[in-house]
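The first chain written gets the first letter, and so on, giving A, B, C, D and E; residue counts start at 1 in each chain.
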Amino acid sequence: MLLGRVVGTLVASRKETTLEGLKFLVLKQLDIEGKETGGYRVAADAVGAGLGEVVLYATGSAARQTKYTHQRPCDGVIMAIVDLLEVDGDVKYDKSREG
Amino acid sequence: MLLGRVVGTLVASRKETTLEGLKFLVLKQLDIEGKETGGYRVAADAVGAGLGEVVLYATGSAARQTKYTHQRPCDGVIMAIVDLLEVDGDVKYDKSREG
Amino acid sequence: MLLGRVVGTLVASRKETTLEGLKFLVLKQLDIEGKETGGYRVAADAVGAGLGEVVLYATGSAARQTKYTHQRPCDGVIMAIVDLLEVDGDVKYDKSREG
Amino acid sequence: MLLGRVVGTLVASRKETTLEGLKFLVLKQLDIEGKETGGYRVAADAVGAGLGEVVLYATGSAARQTKYTHQRPCDGVIMAIVDLLEVDGDVKYDKSREG
Amino acid sequence: MLLGRVVGTLVASRKETTLEGLKFLVLKQLDIEGKETGGYRVAADAVGAGLGEVVLYATGSAARQTKYTHQRPCDGVIMAIVDLLEVDGDVKYDKSREG
């Protein structure tokens, strides 16, 4: 899994029929320090993530292992909202301290 | 999923038999600002996308989760046509404003 | 899928037993202009491609969705021979015009 | 599989329900010399790895082939703790010599 | 598939239980000229490859399509030992001429 920050939304009225009802969020990829890498991903939301939140997302076939995405043409899913990220003994991200 | 713009078509008369009837479109990959990244992908079309449209495409095994691509040797599928892309509060792409 | 040009062959007498009879071809990856990118791939041949031909190849689990590669340890397959590639209104490759 | 060093942990109270009980560790990717590459991965822990340990991790659908990760939206798993890494005749890493 | 040269071994006494008996080899990735690219991979050995040999390896779910790796958390497998690699009419590698 990789870290991302939810930065946007995407509307698509014409889509594969099985995708009806699935919410797509736009993520900026984050590195291990919580900084943006320049990459992005559009992912289905399985946890009710909100704009600005730091999340964990899975790609590939893993993205279909939720009730929302099962057997749908989806290759990215947000599967957790990050509360605390600690690396090398330092807190790199603490959701409770976000403004 | 990633964003792409449909820029071309590909004709292949000799192909794996199960691929008969599948339409392949050529996509230029887009970044989160809607700008071309230099990368591309050839993808099967599951939604009737047209030249110039901005689409969402899935890769890997996800690409076989449509009735068009099921059990076919296909690793990329266009599964949605983008109407609106909003990032960091700005509209990066609005299909209704395209010329 | 991505574009490649068949540039070589590979002989392997000692291999996983299920691979017997499978032909491996060496591909140079092509970009959307039909130019070499510097990357390569060794892929199983499902369509009888010949040296010099421009082909479309699939990777990952898609590579096992042919009768030749089913349930074999193979992560790349040539699934179509390209006749015509048209991008942004220009013909980038036309098999009938090749020398 | 690739090599990583366990450098941190991640807490996520809101997550896909099937992920309950799964422990996520933060890995810095290592190259073949045992040096950090700058990349990272968040992976589920299937072997009880500890901070500072050098591990082997698998990605993609392989990450779901353990009893801990079966049918869960997880695309990375630590599946072995490295004791000894020998490359080109040199010992690049020896767990028993670590401080 | 990609080309690699077997350059080392890895010992891991603590590992996912289903991995018992599987041999892991360290590969340096090779380009189409047979030169090292700087990348590496740790792969399970399905063909009895030896140090110094040039091999073909598969990644992703393909890596589990051998009797050794079936249903195991393994994302890379050596599935063939290369005897001869011919590219653009030149022999790039010939096992019988190796010292």
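Methods note: a residue touches a chain if its C-beta (ideal position, glycine included) is under 8 Å from a C-beta of that chain, and two chains touch if they have at least 3 such contacts.
Just so it is clear, the model here is predicted, and its values are computed rather than measured.
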Going by the contact rule set out at the top, which chains touch both subunit B and subunit E?
-> C
Using the average of all C-alpha atoms in each chain as its centre, how far is it in Å between subunit A and subunit E?
-> 33
Centre-of-Cα separation between subunit E and subunit C, whole angstrom = 21
Which subunit A residues sit where two or more other chains touch them?
-> 59-61, 63-64
Chain touch graph shape: choose line, ring, star, complete or other and state it.
-> ring
Cyclic order, anchored at subunit A and moving toward subunit B, comes out as A, B, C, E, D
If you look only at subunit A, which of its residues touch subunit B in the complex?
-> 7-16, 18-19, 24, 26, 28, 40-43, 59-61, 63-64, 71-76
Would you mind writing out the residues of subunit A in touch with subunit D in their complex?
-> 1-3, 31-32, 46-48, 56, 58-66, 69, 77, 79-88, 92
